Structure formats: C-alpha cells, structure tokens
Amino acid sequence: MTDSLKNTALFAIVAGLIVMTGFTESWNTALFIVNMGLISAIMAIGVNLQWGFAGLFNVGVMGFVALGGLATVLVSMDPVPEAWSAGGLQVIGGLILGALIIVAAGVAVSRLPKGRMRSLAAAAILIGGFFLYRAVFDPAVAAIEAVDPAATGYLGGLGLPVLLAWPVGGLMAAGAAWLIGKTALGLRSDYLAIATLGIAEIIIYILKNEDWLTRGVKNVNGLPRPVPYEIDLQNSAQFVERASGWGVDPVTASTIYVKLGYSVLFTVVLALVLILAQLALKSPWGRMMRAIRDNEVAAEAMGKNVTARHLQVFILGSAICGIAGAMMTTLDGQLTPSSYQPLRFTFLVWVMVIVGGSGNNFGAVLGGFLIWFLWVQVEPYGLALMNLITAGMPEGSALKTHLIDSAAHMRLLTMGVVLLLVLRFSPRGLIPEK
Amino acid sequence: MIVVDEIHKHFGGFRAVDGASLSIEEGSITGLIGPNGAGKTTLFNVIAGVLQPTSGRVTMAGDDITGLPPHDLFHKGLLRTFQIAHEFSSMSCRENLMMVPGNQSGETLWNTWFGRKRIADEERALRAKADEVLEFLTIEHLADHKAGQVSGGQKKLLELGRTMMVDARIVFLDEVGAGVNRTLLNTIGDAILRLNKERNYTFVVIEHDMDFIGKICDPVICMAEGKVLAQGTLDEIKANEQVIEAYLGTGLKNKEQVGA
Amino acid sequence: MDFLNAIVALLNFVVVPATVYGSQLALGALGVTLIYGILRFSNFAHGDTMAFGAMVTILVTWAMQAAGMSFGVLPTALLALPFGILGAIALVLLTDRVVYRFYRAQKAKPVILVIVSMGVMFIYNGLIRFIIGPNDQRFADGARFIISHRDFKEMTGLREGLAIKTTQGITVIVAVLCVLALFYFLNRTKTGKSMRAYSDNEDLALLSGINPERVVMVTWIIVAALATIAGTLYGLDKSYKPFVFLQLLLPVFAAAIVGGLGNPLGAIAGGFVIAFSEVLVTYAWKKVANYVLPEALAPDGLAQLLSTDYKFAVSFVILLIVLLFRPTGLFAGKSV
Amino acid sequence: MKKMLMATAATALMAGSAFAAGHAKEVKIGVILGFTGPIESLTPSMADGAEMAMKEVSDSGLLLDGATVTSVRADSTCIDAAAATAAAERLITSDKVDGIMGADCSGVTGAILTNVAVPNGVVMISPSATSPGLSHMNNEDNGLFFRTSPSDARQGVVITEVLMDQGIKEVAVTYTNNDYGKGLADSFQAAFEEAGGTVTINAAHEDGKADYSAEVGALASAGGERLVVAGYVDQGGSGVVRAALDSGAFDTFHFPDGMISAKLLENFGSEIDGSSGAHPSPSPELAEAFGNLVDGAFDHTSPFTPESYDAAALMMLAMQAAGSKDSNDYKSKIMDVANAPGEKIGVGELAKGLQILKDGGEIDYVGATGVELIGPGEAAGTYREISFDDGKDNTARFR
C-alpha cells in the first residue's frame, strides 16, 4: 500500500467515524465534533511547527490558547464606560509605569559599573518601583472592579467584530511568545518544557485574578458571534419556510445551519494555515528548519542563526495556537479563565501531534480530529462498555455500581493507552514525516 | 590570516587551553597535532565561536573575532567540520549541501509565500552547484540518499563538501580522518589539496594520522597541556625533544588522572 | 514580650508549615531528580506514582484499622507504608518492563521519554480513579498534636500560639531519615556508587562493568519508595485526593529544577526554596509588624507583597529567574 | 455536499423523532455534571440525588399516565466548555432528553445554555451554578433556564444577618477561586460592610492545590473574630479550615452552603464548636425526611445534593402540570409548581404532588431545600442557620 493511499485511508476512517456518529447519534453531535476537530487541528499544527519541524518542546500551549481567548473579549465585547471613567486611564498609566520601572532597572544595570553599587541601585529601583506601581495600580483596579461587579466590573473590550479577534489573538500570542522566547529559548529540552509549563500557569493566574481585565473567575458571558443566533433563525419566517422546504423542523435546521456556518469559517482558517505552513516547509526555509532540528551545532556552523530561527518558529507556532484559542472562545461564546487546565489544553494537544505524526502537518490535522473524536466519544462508549462488562453481575452489586460510576474515567485511560500504543508501534505517528 | 593571542579556556579548575598563541598563514594547510587532552579541539571550539574563551583574543585578517557566534564567523568565511560527523541525518546528501549558502531568499517566510518564482530559480542554481560538489567529491551516486545512512567516511566527505558550497576563506577540519578507511582518507586528502590549490582555501587540520599530516600539512603545530609547544615542518616537530616528552609524559600523567 | 510574640507568630505561620511543605516537596523532587539523573528524562507520571503509592497505603491502612491494629500515638498508616511501597514498586517496575525499557533499548531521545511518561501519567490517573475513586479519603489516626497552640500559650503565657502536629513532626523526621538513608546508599554502598557513576557518565560506567538494567531497576525501586513516602506523608498531613497529586507535580518539578535536575542535594534545597518563597512572598506581615513596630508605625493594610492568588505564580517566577541566571539550577544539575 | 448533508441530517432526525413519539411513556432527563475534573468528588452524590427523584416518580406511575423516567448521565468536566457542549449536544440531539438537570460549574453551564439548550429549546435546571452573571442570561434564555440554588446575593445577606446577630463585626473571608466562591465572597463583603462590619481580608484559595499554609498565614495575620469559608467541604475549604484550626489562626468559622455536609463534622467534629453555618433548607423535618429517603444509599448531606433532587423533581412536576414533556410546554409551569399558591409538597411526596396536578390542583413544591423561585427562575431560598456545639450541628433558626 502506498503512503498516499494509506493516508487517504486514515482520513477516510476518521471521517467515517464522524459520519457514523451522525447516523447513530445525531448530526448536531457530529458537526460539533467536526468544528472542535478543526480547531484542534489548527492547534496541533501550531505545536507541530514547533516540535515536529524545529524540535522545540513547548508545554505552554495552554497559555497561548488562553491569550487568544482573552483577545476575543478585548476585541468584541462592548466597552464599559463607567469602568473606564472610574479608573481606566489610571490602570493603563500604572501598567506603563510598571514597564518604565523595569526599563529603568535595566538601564541602571547596563550603565552603572559592575559591583555592589549596581546591584543595590537596581534592587532599589525595582523595590521602590514596585510599591510606586502598586500605589498607582491598586486603587484604579479597585475602582474598576467596584463597578457593578455582578455584571461587569471590568473594562470591557473595543466592541469590534468578533472575527477580528482571531488575528488579534494570534498577534497577542505572538507578542507573548516573543517575550518568552527571548528569555527561555536558550534552555534545553526538559528545562524549556518546565519553563513553558510554568509560564502558561502564570498567564492563567493573571487571567483568573486580574478581574479588571477579564472578570477573572466570574467569566465573561455572551460574547458576540460571527454567525446568527439559532433563536433568531427560528423566529425568522423566511428561514422557517426554507427549512420546511428541506423537510426539516426549524429547530434542527437552525442548529445545523449555525454549526455549518462555524464549520465554513474554521475550514477557511485551517486551509489557510495549512497552505501557508506547507509552502514554508517545502521551501529553503523548511530545509533550514529541518537542518536545525537535525543538528543545531552544525546548522550554526553553516551560518544559520539558530537562536533567531528558534524564536521565529516559536512565535509562529504560538501565534497559530493563539488564533485557535480565539476561535474556540468564539465558539464557546464565553471566556472562562478557570477552564484552562494543562491536561486539556497542553497535554491533549501534544497527544494529537504525537499520535497524528510529528513533522507532518497532515498528520497533525488527522491527530486533531481523531483525538478530539475520542475525547468526546470515549465517554458514551466507555459507559456502554462498562454496562456490557457488568451485564452479568447482580443488580445493585457494589462492584457493578463502582465500575459504572468509574466509566467517566475511561477518558484519561484511553488517551494514555492510545498515546503509548502509537508511540510503541508507530513511533513517528500515524502519518509520519516523509 | 588567523592570529590566536594568549587564549585561555578554563573549565572550573581545569585549564583545557592554557595560554595558547599561534598564527595561521593565508593559503597554508596547517596541521595541529598533540596528545589526547592537549586542548586542540577546545582551542578549535574557541576559535569557531562554540566556546567563549576565559581570556585572550582571536583575530582574523586583523578583525577581532573573539567570541563571535559561529553563524557570524560563517559569513566571514570561517567554516569548520566536526570530529564526529555532524550531518543533517534526515535530509538527503544533496539537501545537506543545498542548505549551506547563506541569505537564500527562500529562507525568508514572506518569500516562501509570495516569492515562489525567485525561489525556484535560486533552487535550480543551488541544485546544480550541489551536484557539482558531489561529483568533485566522487559521491554523486549518494545525492538522494539520506545523509544519516551513508558511511562515516562519506559523511566526512559531505562535511567537506558543505564548505565548498560557499567561498570559504579558512576551513577548520577536526580529525577529518577519524574512523575513515585508507582509500577514502586519500580521497579526502586529494580534495583538500585541490581546494587549497584551485580555490586558495586556507586549512587547519587536527589529525592523529602522521602520514596524512606529513602528506598534506605545512607547517605543523604541536600542542600539549593547553599550550603550543612547537611549530615547523613535521620532521622538525618529530625531532623536537619537548614534543617527544609531551607525547610520552602527558600520556602517562593523563592515565593516572583518569584512574584517580 | 512582643518581640517573642512576633517570632512565635512567624514560626507558627511561616517556618513550621513551610518546613513541612518543603520536606514533602523535597521528597517528591528527589524522585524526579533521581529519574532524571539515571534515566535522563523528566517523569511527568511522578505525581501519579505518589498518588498510587499513597492509595495502596490507604487501602492497607483501612484493612488494618478494620482488623483493630493501631500504632499507638502514631498513625497506623506508618505500619501500612511498607505495603504501599511494595505496591508502588510493583507498579513502576511493571511500567518499566512494559513501557520504558523498549525506548531505552532504542536509545530514544529524552524528549520522547517525557512524552511517553505523559501517556503513563494519563493511565495511572485513570487507574487510580478506577480503584479508589476521585473523592477525598481520610485515613489519619493516632494523636493529632505534638504540641497544640493552646498548650503552647498556656505553657509560655504568650499571646501567640505555636502548634506542631504529629504529622508535621513525622513528615520532617521521616524526610530527614529518607534523605540520610538515600545519601548513605548513594555514597557508601556499591550499588549506590555505581548509580552515581552511571549518572555522571553512562559510557564510562558501562565500561567499568556496571549492569545498566540493574541500576535502572534499583532507581525505580528507590523512586517508588520515595514517592510513596512523600504521597503518604502528604496525605496524612493534608488530605488524600487523586486530583491534588497532579497539581503537586508542578511545584515538585519547580523544586527539582530550581535545585538542579539530577542533583539530589539540589532537590532538597529546591523543595525548601519553593515552599518558603510561596509562603513568604504572599505572607501578610501585618501581625508581625504590629508586634515589632511602635504603634505609630504599624501598617494599616495587610503589608502583603503579593496577594495569595499569585502564590503558585511565585514559585514559577522563582523557577524562571533561577533558570535564566543559573540555567542548570542552584546546584549545577545536568544540562542535557 | 452541504445540501446533501442537510438532507441526510434531516432524514435521520425525522426518523429519530418518529421513533421517540412511539415511546411517549418514556421521559428522559439528562444529568450533566462534572464527573471528572476539579469537582469530581462532589458530583456522584448530586447525580444520585437527581436520579432518586426520577426513581420516585417512575415508581409512582403517575407522571403523564404512567411514564417511566430514565436518567442519561453525561460528563461536563466542570471546566472544559467544549467537552461539556459536546456532551450536552449528544444528550439533546441524540439521546433526545426532555430536560437537563445541570450543569454544575457556572462556566460550563453558561456554555451549554447558550450553545445547546437555548438553540434546541430544552429546559435546563442547574442545582449549583450560583454565578450572578448567569442571571443576566435570562433575558436571552427564552425562559428555559432555572436554578435551585439561591443566588449569591441572597446568601451574602443571610451570612451578614447570622454574624451580626451574634455581634460579630470583624471577619476574614476566604473563598474558592471560582465563580461560586468569588461571587459569594464579594456579595457577602458588600452586604457585611453595608451593615457596618469589617472584612479584614478577602483572599482566594485554589481548590485541589497542594498546600494552604500561605493562605492561612495571610488570613491569620489579617485577623478577625471569625473566618468565613466560601468553599467546598471536600475541596480546598476543608484544607483551609484544617490548617487554620491546627495553627490556631481561627477557632470559629462561618460555613456557607458549599461547606455544610456530614463530611464537615466527620472532618472536624467538636473542633469547630462555636462556629456558625447556614444552608438552604426549609425545615428540619424536610432535611431529615431527605436523609431518611436516601437511607444511606449515598451521602445526602454532600453539597448541592438536595438541590439536585429538587431540580429533577421540579422538572417532572412541571411536565405533569403542563401535561407534556415538551420543554416549550412545561417551561412556563416550573415557576407555578415551585411557588405558592398550592399545597406544599415536600421531599418524598412527589407522588402526592403528581396526583394533585393530575387532578387539576395546584402545588407549591418545597422539596429538600425549600425551593422558592423568584424573578427570572432563581431560588429565593429559606436558610437553616446552624450552630455547632459538642461536635454536632444544631439548627438555630430559619431565615
């Protein structure tokens, strides 16, 4: 069997699984899996660029995804004028002040002669600056958060179309990646991993605790949508008429219609990302990246600026994760900072990349769809399996209850087993790098 | 061409290079010999920018190049090979060569999306050049083989070939003969001599095979315990008493240290 | 008197809890660091290894309690601990046999092993929940306090109390014993020395006739024992819940890295650095300041550097700072 | 392709609904809770509570002429909005549930509500999502969303009254860092300060974390006569109480609803003597009745378990009142059966309620928590004030 035949077959199998869900469960479920699969595929491509093509071990995916989500709020929500007048400018002033303090400390370090004086001066600037910053920043934050905390209590966004948030999410993630890459990319594999893991946690802590920016754990609900609301469709005479023309009841027609709308948008983004990534990889740029991944020392000796290239691909991959994060938050319709957990947003994406095939973008796409499908479907299948296993046991037996209650935990178990099986028997993934 | 001035490189208390000074004439093939642990490779790595010297200065044609990163040195025309071949294993031999030239327009992301035509033209020229080099090295039959799967000697040739993809001014060869059979070593030696004559490459060669050194190198520099002991033709070096003692003495001393 | 009160308050709310937490982190970090030194990868499944060992201990403890066994003033769990260790050893050796050995034979890159350990983490995670469920489990018994804050106040007549729980005492003592035993083992026994040699230079160690599979096996056994002890002590002192151990993994890693991966001494130091920084940076100095400073100078606010919301961020910021300025940790660890 | 997909989808759905119509005597209720994730230890007994109500109704044989009620569980994960949406999507469009008992955490509840329940027109009753943020959704939720747990604002006032009556003017607050904890802590602080009290510190703790010494250190330093613990009993809440007791930082506490459970006494016994607490409960008899009904099958005192029972019960009673299991028919009846006028229906009396409704009468469902829905589908809540003495929880009064 040739490679392309095998790959087509693999995609066909995953497509078949999803279509089967459509027949056995519902087309809404199937379409939802497709939509999240598209987003997952984009995330997987982002990680694949970093890992598969540059060997960068980024375990901070969650942080970039969350920044994309933040972008959605900042771009699309309406501004809260009361909050702005309560302390908006002061908060921004405080942030600028904070940045200036760090710059001042940097200047002190670079200008003063090396020695105890320098350390003392830098420490004095930082410590004094910290209190100054807090003195400006804290009251403004308190003022903003006091504005109707149950409903707003934050600055809101810019009130722009939500689709704009996708590129903005990418840019925000790219900005963070630049900052992180500048400092942490010098570290080697495991250290980089833990450092990015830690940075992602810090980003989430900021999202969770800076209520003036994100409403924190109180969540931002009701983000605008790029597609119509189902209710509006159901209330539109024209739509209902068209639906009955198809022979579908309006509720179903509207839910499917909205999901298809998302599918089209997501597919466009995925196609764009995939095409750009493939073009880059099939050109001297991709060759250079592979050289760097194969042997950094030799690539450096052959005139390639490895540090700069690592930074570039780190930013690129993170930006893609940011875009996917913004898309996901748009689909969810809300920003829930406490929902960002490494297990779901970092490790699961890694499973997608490894299972799909690191170093191959189509592999990443396949992995994104397959793993997301399993993540969702293992739950009902697991329950069915447990019911089957326990069918012979007497009703109410402790073991039976225990097993059925534990069925929900099949999900993690399955992810682990799939990951290990693929790593063992097809270590380079289902669609390996050519 | 290259002047090394009082380079020290210490690892903790261990002085790998201990005040080495030497100069390399343009157009020469300089051999660098010395017992194991003499600091040859460390000095190489300091010159090539892989390691920062503890103190000292390296200049190239009068410019201070101390501590410049390897990719900057590459663009100044200073290239190197490695003791253990550093091929790009998942790429074909041809690709190993094609990646070398700097400032390819296809290395800019923007061009990969919007400058396809220019890239295609450049690639054609690069490919032709790479095939030329492979032919020069008599390994044209390996063009499409993965570099990770060819023999050790062929990898060494490939590394030498990489230096031919650009106009190098000086090439450092680190134990080019290690693990290479006699026939292939002769091929490498021939290639070095030809490059030196035809393209006026300057070479610095670390090697243990004295026959090989004798055949291609002049002058020869001998190092021991991080210092330069002597410089001259191979015969002069072989006759130098300090050198003889160093080869015998440090050999023993090193063994004791290893045993401790 | 006020000065004494300030010191006691500081001891009670900072020094004692941070020391205990630091010991727990140090034991966890030792396991991570040993795996890194010998098997050369960061083991993401370590948190769940701790959870598994503690789980077996708990199950055995319950059985003992049901059978009427007790350990006097000490928790019964200490009696059950050896069984927990055996269970964890069985699990990790089985995992090594089925999973890791394959990659070792292939000489896979460390990063691949890290990803493999993520898979193992997922599986342990599910396994533990299958067996004991996701709930909080209580298994502590025996005397609660070595000295309670009320007793202390009565004894000294101070306004501030100092409490030391039995579990806190046990934690610190056991941690010290474990560390002593480990260092004795590494420095004095033949197997320990060969482990260190293997960790320093694998090739050289192989040349001198060390059997790598044996070294790996011994490492896993020690790691399983340390993980079980850390997990059980943690469960005794706080509470046992499977979900917590995944969260514990992050500070444990931070501790191991701050100390320098692969360096046992560093792991211990790292554990305490992380624990103390978490408590100190977010500590509200109001109380202490009120005792020490004259009334006019006493702060109005809490005198807190950072709100406790950012507690965990603190440990990661320290991790980053250490990595940036001493990339291999405080006690030079391995850099590859 | 798109058209074809639509057409296929349509046929499949038509077939599905025809199939469902043939089994009119089966009512399906989706139970969507975080069976995995951060509150995985709370959810099993919540689900059991809801399913007990379903069993009670099924056994009575009175609902919609002898319909049986089956429960379909799904995992909301508490945190992963996408997975929760997928699960809800399956419940509604594949399993065709007639209503959803859930979800638990406010984040996923909001996601399911806007993305699945409202578009498909299915009623959702959450037993535990207390975020005031969700209240605002009622404008857009088509009257489909209800909750049996009272909003934070109400409880903030109750706690203030309890403390003020005991003459306590200065307290420290710690809350679990999610929308429940934060919302409750904020609304309590507002109410308490308005009443002239002082909150010395309002500090978060993260559930499921390793160590709470830093939090307790800060709380102790801030001081206060009592510590208000707006957390979960088998999560960080107990961890903080444990550390506060052991270090002598606080002797007495106030426990809001997330902390009131048998677990609390099991964990702390007489150590928390002198503390206060309050949770939604109509009367001691009903609380006891709920306990008797459960009869040890699961932990009936676990937080939000009675609320879950009530959520499921309300849904079924409303179906009976509307004579239909269609969400759009019975959604308007939920307020009717929950509130006066009508005969009071307590826990374990669902059969009686069904019978009255069947006969055309009116009921006022009280349930296990004294459900009283106010405004746009929220519980007003009668609170049982508790005082802890001699290692027991004693009912002080009802508010």
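Labels A, B, C and D are assigned to the chains in the order they are written; within every chain, residues are numbered from 1.
Basically, a residue touches a chain if its C-beta (ideal position, glycine included) is under 8 Å from a C-beta of that chain, and two chains touch if they have at least 3 such contacts.
Since we're looking at a predicted model, the values are computed, not measured.
Distance from the centre of chain B peaks at D, each centre being the average of the chain's Cα atoms. Among the chains in view, A has its Cα centre nearest the centre of the complete protein Cα set.
Remark: chain B and chain D have CA centroids separated by 73 Å (rounded to whole angstrom). Separating the CA-averaged centres of chain A and chain C is a span of 31 Å.
The distance from the centre of chain C to the centre of chain D, with each centre set as the mean of the Cα atoms, comes to 36 Å.
Per-chain Cα centroids separate chain B from chain C by 48 Å. Within chain A, residues 208-209, 405, 409, 411-412 each touch two or more of the remaining chains. The multi-chain contact residues of chain B, meaning those touching 2 or more other chains, do not exist; every residue touches at most one other chain.
Counting only residues that touch two or more partner chains, chain C has 129, 133-134, 307, 309, 312. Every pair of chains meeting the contact definition is listed here: A-B, A-C, A-D, C-D.
Those residues of chain A lying in contact with chain D across their complex are 22-29, 32-33, 36, 149-151, 208-209, 215-219, 221-222, 229-231, 234, 246-249, 251-256, 258, 260, 328, 331-334, 336, 338-341, 344, 375-376, 379-380, 383, 405, 408-409, 411-412.
Within the complex formed with chain A, the chain D residues making contact are 2, 5-14, 16-17, 35-37, 40, 44, 73-75, 77, 79-83, 85-87, 89-90, 92-94, 106-108, 110-111, 114-115, 118-121, 131-137, 140, 142, 153, 177-179, 181-183, 186-187, 204.
Contact residues on chain A toward chain B in their complex (touch as defined above): 276, 279-280, 283-288, 290-291, 294-295, 297-306, 312, 316, 433.
Within the complex formed with chain D, the residues of chain C that make contact are 9, 12-14, 16-18, 20-21, 24, 129, 133-136, 138, 144-145, 148-150, 153, 161, 163, 165, 234, 238-239, 241, 243-244, 247-248, 251, 275, 278-279, 282-288, 302, 304, 307-309, 311-312.
Those residues of chain C lying in contact with chain A across their complex are 36, 41-42, 99, 102, 108, 110-112, 114-116, 118-127, 129-130, 133-134, 246, 250, 253-254, 257, 261, 307, 309-310, 312-313, 315-317, 319-320, 323-324, 327, 335-336.
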